[in-house]
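In this document, chain identifiers A, B, C, D and E correspond to the written order of the chains, with residue numbering beginning at 1 in each.
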Amino acid sequence: MTGTAIISALAVWGAGWFVNARLANSDAAQSRLVKLLIPVIFGLTILIMWELLVRLLEVSPVILPPPTMIAERFANELPTLWADFEQTIIKGAMTGYIIGMVAAFAVAILADRSDFLTRGILPVGGFMAALPIVGTAPIFVRWLGSDWHSKAAVVAVMVFFPILVNTVAGLRDTTVMQRDLMRTYGAGYWPTLFKLRLPAAMPFIFNGLKIATTLALIGAIVAEFFGSPTVGMGFRISTSVGRLALDMVWAEIVVAAIAGSALYGLVAWIEGRVTFWHPSQHK
Amino acid sequence: MAVILANSLNLTFQTNDGPVHALKDVNLEINKGDFVSFIGPSGCGKTTFLRCIAGLETPTGGDISVNGMTPDEARMARAYGYVFQAAGLYPWRTIGGNIKLPLEIMGFSKAEQNERVGRVLELVDLAGFEKKFPWQLSGGMQQRASIARALAFDADILLMDEPFGALDEIVRDHLNEQLLQLWARTEKTIGFVTHSIPEAVYLSTKIVVMSPRPGRITDVIDSPLPKERPLDIRDSAEFIAVAHRVRDGLRAGHVDV
Amino acid sequence: MAVILANSLNLTFQTNDGPVHALKDVNLEINKGDFVSFIGPSGCGKTTFLRCIAGLETPTGGDISVNGMTPDEARMARAYGYVFQAAGLYPWRTIGGNIKLPLEIMGFSKAEQNERVGRVLELVDLAGFEKKFPWQLSGGMQQRASIARALAFDADILLMDEPFGALDEIVRDHLNEQLLQLWARTEKTIGFVTHSIPEAVYLSTKIVVMSPRPGRITDVIDSPLPKERPLDIRDSAEFIAVAHRVRDGLRAGHVDV
Amino acid sequence: MKSLLPVLSVVGAILLFWVVSVVPMNMHLTADLAQRQDVAVTPDTPVARQDYSGIGLALRNTHLFGMTYTLDRPRLPSPHQVAVEMWETIALRSVTSRRSLVYHGWVTLSATLLGFAIGTGLGILLAVGIVYNRAMDMSVMPWAIASQTIPILALAPMIIVMLGSIGIQGLFPKAVISAYLSFFPVVVGMVKGLRSPDAMQLDLLRTYSASPNQGFWKLRLPASVPYLFASLKIGISASLVGAIVAELPTGARAGFGARMLVGDQYGQPMVTWAALFAAALTAAALVGLFSLIERWTLRRMGMQAT
Amino acid sequence: DEANDVTLQLQWVTQSQFAGYYVALENGYYEAEGLNVTILPGGPDIAPPQVLAGGGADAMLNWMPSALAARERGLPVVNIAQPFKTSGLMLTCWKDTGIESVEDFRGKTIGVWFFGNEYPFLSWMSQAGIPTDGSEDGVEVLRQGFNVDPLLNREADCISTMTYNEYGQVLDAGVSEDELVTFKYEDQGVATLEDGIYVLEENLEDPVFVDKMVRFVRASMEGWKWAEANPEAAAGIVLDYDETGAQGEAAQIRMMGEVAKLTAGSDGSLDPADFQRTVDTLLAGGSDPVISQQPEGAWTSVITDQALN
């Protein structure tokens, strides 16, 4: 039984890989469709292997449910999933993300005005970024209550540092020549900031924003483990584990992965629009 | 009338390996309407001197005045157009946007901005490229755009640090001719750094030969060439004589190749 | 004896803006011991042609042979030393380590490696700098190190793509002299890309003038200059005549400056 | 050294803000306590006090300021309370004692290091695969990104149960979760690093007709070293967070994570705060260590001036 | 070896709630039965039934509502012993919120543990006809974390507490008993059985396993009775096993005292009447049933019959 299971899973893997290798090395590899298709095939291969292994090895659904069961649950629980999504992602993660981002920009610009502040803020910020969420989340829940406000605070703190560091680094990433040009125009601080340093910093800022998207989701969900109303993705995951409804847990994880990838994609798309001029954006 | 007057100027950089004497006892007088070339081996302080004039670097000794002011005051009064060795266009702005940059900062009106952009683009033969981004243009075109940018706000003094270093010879010849025409037309005072002897001789009314370690002026040559200079003046005996004098001056300062 | 033979060579790049005809119907014969310069405006296909010879680019039409083999076979047989426009030394290797790189790859013994490093460093006047890292050397010294790297494994054919582009005139003159001496001593076949007319004329036995859009050869000039060339040969009438012919050829191909 | 004064100033400012915040943050609890000890408090019922903000209440009860700094179970402990707890649990206990944060630090650190090693190894392998195999490049990257959006705290118990069901317990499951968080930055950084050689550097090797193997060892790998260190520094702190997270579903036995949880559960905020700061200090120390190794390595490789 | 190794999964971190097992381990009662026992502490993310299903443990402690729910989900767990006779679960409310009876819960915010521990509360509310979905005349349910802060901060009007742990923590925070109102599930007639020992049904077909469990239950009960008689020493033993080193001695002694009250009436065997009351309570919940039908074979006296004869 175990033997067949492993052999058939390997066969599926081989088939998926073969198709992808053919596609990737074909002439069509540069087309949009194929670029999308290849990761999809890869994902499908993994899902089929998962389904096969779980079914053939008779893994208890209490430990790992098969993808079909998760899909079914996903389809049946759409209203619940949507409510959880709203609570956790839209209220918790997005609010926190925006607060953290604005705060990081503000501090970056403040720090940027003086070398002294930059030297002071960056190491301390690094230390604060190392505070593990497992410790900070209960503190914020204690301070701000169980609803989404505390989640937003956790997210804001988590995303603050990566955005700050990248923005500060970006604001410094101008060449001497670019800065001197501004000086020959007798340009003051603000024109230099808006016309030179902010545009030049954009590739860095977006780097920070991209890292921050995945952190924001994790932060909002994990913080719900330490107290929440009876809605939210973290609440649902934890409660469903307690009820052994692992299919529901995975349905929420799917929502998280989709939301995370979509947010990441969105930021990357905006990045492409804003930093179209950067060498990394043209082929 | 002296536009730029340097009086035993000194500039020492403090580096990890000890002080570097980038300029030592430099005396120079540049008059209104002069075209002055600076030539000399790498590290002799050409760029540093140009930057002192522009108020981008603060001398550690001696003094320098521009239009009777300090260089810093002159910078704030927007007395200079500066062209850097590389084009240094901002990649997120179109060619037109790049040329508008100084105009925006200096508070020109929108209409005036557009009018000037059109005019200087014409001047450097880039009409029609206003909406392109820098990376969509060849190196030579970018360099011309950067010259246009420096011309846009009509400063009296134009400082150019090896503006044609990256270009091929033919394009360079062409730009040299155009630069001369522009200078003749506008009567600007031009400070021009180059590595090329023929270029220096062809363009200048005054050639300043420099030498490194410490950076100093070893020779100042007033050109006997007429103001009107067709390209083939470069085959004339006068031209070759001046070029020889420059080369000798350079070789004297070049002991360590 | 033809070392390199190109027969109606064509190369078209497919780009987003449509095909670019980088080389069109290029015919050329290079003999053993030739010093061939390629000159022409930016984008005329000089680099592309050199890369075709080295088997780094695959032509889309026509054929090319090197030592009677395909360029790829010749590359596998390690027939070339290639010097790129920028020095391109690996920053994590010392100068000695950089020169050893090809020797390691080609499996020379340790002793042989050391012996050769010493020899080529001597050749380019860099003895004593073996243990330095690239950033501890000036641009000119780095460029010489990269030439030493190409010489280390004694390939018969040396391909150089604007090796002195970034250097100042005096250093350049000096390296030109040294390169000529090296060539005279070793009888290598050299393909050399440059933007400078005097450089091309001073160095070559054969000057190939190219023109862009599509990239093609417009003139091939066999130099009348003797093999022995002091620097001041550049003031001779023969030299100036050849330079004129080159300049005319270039200007003809340059319609769009 | 140049940064010492700025850092001290920023730390000073934060401490000041913290000390000032203690009063309003703890005011409600303090007022409740004071009232039980028959100290006059305005307003005089807990319910009425709920209508006031911490600051508002503090302004009406200035005589309670001192008390806010000495609560046993404050909402926000004052810095000196945390410092005392840290001093007692780090310096005054034998390092083998369960009451010593050094002991718990070692528990967490061992999982961190093992997980970091696994994650880094995996990340480098994956990066090599992505750089050398087009199919892998196009398939794996989107999923690697998606994998990082999965809340680890949700996945951790499942990983632990699954590993437990095949008899693996103890250090390894924690390390797996650590590895899960640290592999991603390493993949991203190493892919960038292995691809950092420019066309010319690659062409140079082609003119020598070097084998792919030689290309890897002599060009791509050394060129990627600066990127590797940048990712290692992110990866090691991610690893530490992973190990701490993993301590909750492995039975919250020992380690910083267990201390934080238990401190929270039994109303001992100082235990939580001390563990929190100790964890951040550990992360800072690890990152500092890697910076040192980085500096040393890059200098030896000649890739860093001075 | 298979025949003598037992792994027990607790449902929370090491504390006096589990004193009997630690005492049996420390005092050598397991050893005397020839057993080699490993105790796995729990935590906020550990679902003991899942660990059991995965084969990570031979036996688990669980609250019966959670265990019965797992049974209905297709994980056949069986109660083999019930050391806790009475329930220690209660709601603790501020008196000044005006809550005096169950009806007063309407419109109030109440902290509840989830993770399989919400069933007793949900059943109770549905029996009392109070909606828990946040509607006007219902209660606002808060998912309570692991501490009593929501009550102290007055974010919640009532929170779930165990007599032996969280209630004491509220008092430790300086609150006096007469500021509080408590509702014990036991007193409300909605008590469900807590902290029973459960194993997988299929394992009970194996006589070797049964024999192992018999010895395990016997030794464990011996541990419990010793702990009841020696609360301070028992708490000391628990503290010795607490690897976090963060537990306070006074708290554990107090917890042991309270737990002893809950284990007092039990010799380890499950009283069918208690079982039926638990089931009835759960089934009585109308709208959100935890279990939908009378469970069959959810407990067995086979082990205790042999262990206690």
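Note that in this section a contact is a pair of C-beta atoms (placed from the backbone, for glycine too) under 8 Å apart; a residue touches a chain by one contact, two chains touch by 3 or more.
Just so you know, these numbers come straight off a predicted model, no measurement behind them.
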item	value
Set of chains adjacent to chain A and to chain D	E
Chain whose Cα centroid lies nearest the overall Cα centroid	A
Most distant chain from chain C, judged by the mean position of its C-alpha atoms	E
Two chains sharing the most C-beta contacts	A-D
Identity of the chain that, by mean CA position, is farthest from chain B	E
Interchain centroid distance [CA atoms averaged], chain B/chain C, Å	32
Inter-centroid spacing, chain D versus chain B (mean Cα positions, whole Å)	53
Chain centre separation (chain A, chain C; CA means) in Å	49
Residue numbers of chain A (touch at least two other chains)	63, 138, 142, 225-226, 238, 241, 246
Sites on chain D at which at least two other chains make contact	75, 153, 157, 161-162, 165, 248, 261, 264
Chains that touch, pairwise	A-B, A-D, A-E, B-C, C-D, D-E
List of chain D residues in touch with chain E within their complex	28-29, 32-33, 36, 45-47, 50, 73, 75, 97-100, 103-104, 153, 156-157, 161-162, 164-165, 169, 248-254, 258-259, 261-268, 271
Of all residues in chain E, those that touch chain D in their complex	13-14, 40-47, 50-51, 54-56, 94, 96-97, 145-148, 152-154, 169, 172-176, 242-248, 251
Chain A to chain E touching residues, read off their complex	60-63, 138, 141-142, 145-146, 224-230, 235, 238-239, 241-246
In the complex, chain A residues that touch chain B	175, 177-178, 180-187, 191, 195-196, 199-200, 202, 275, 277-279, 282
Of all residues in chain B, those that touch chain A in their complex	51, 54-56, 75-78, 80-82, 84, 86, 88, 90-92, 101-102, 104-106, 133-135, 153
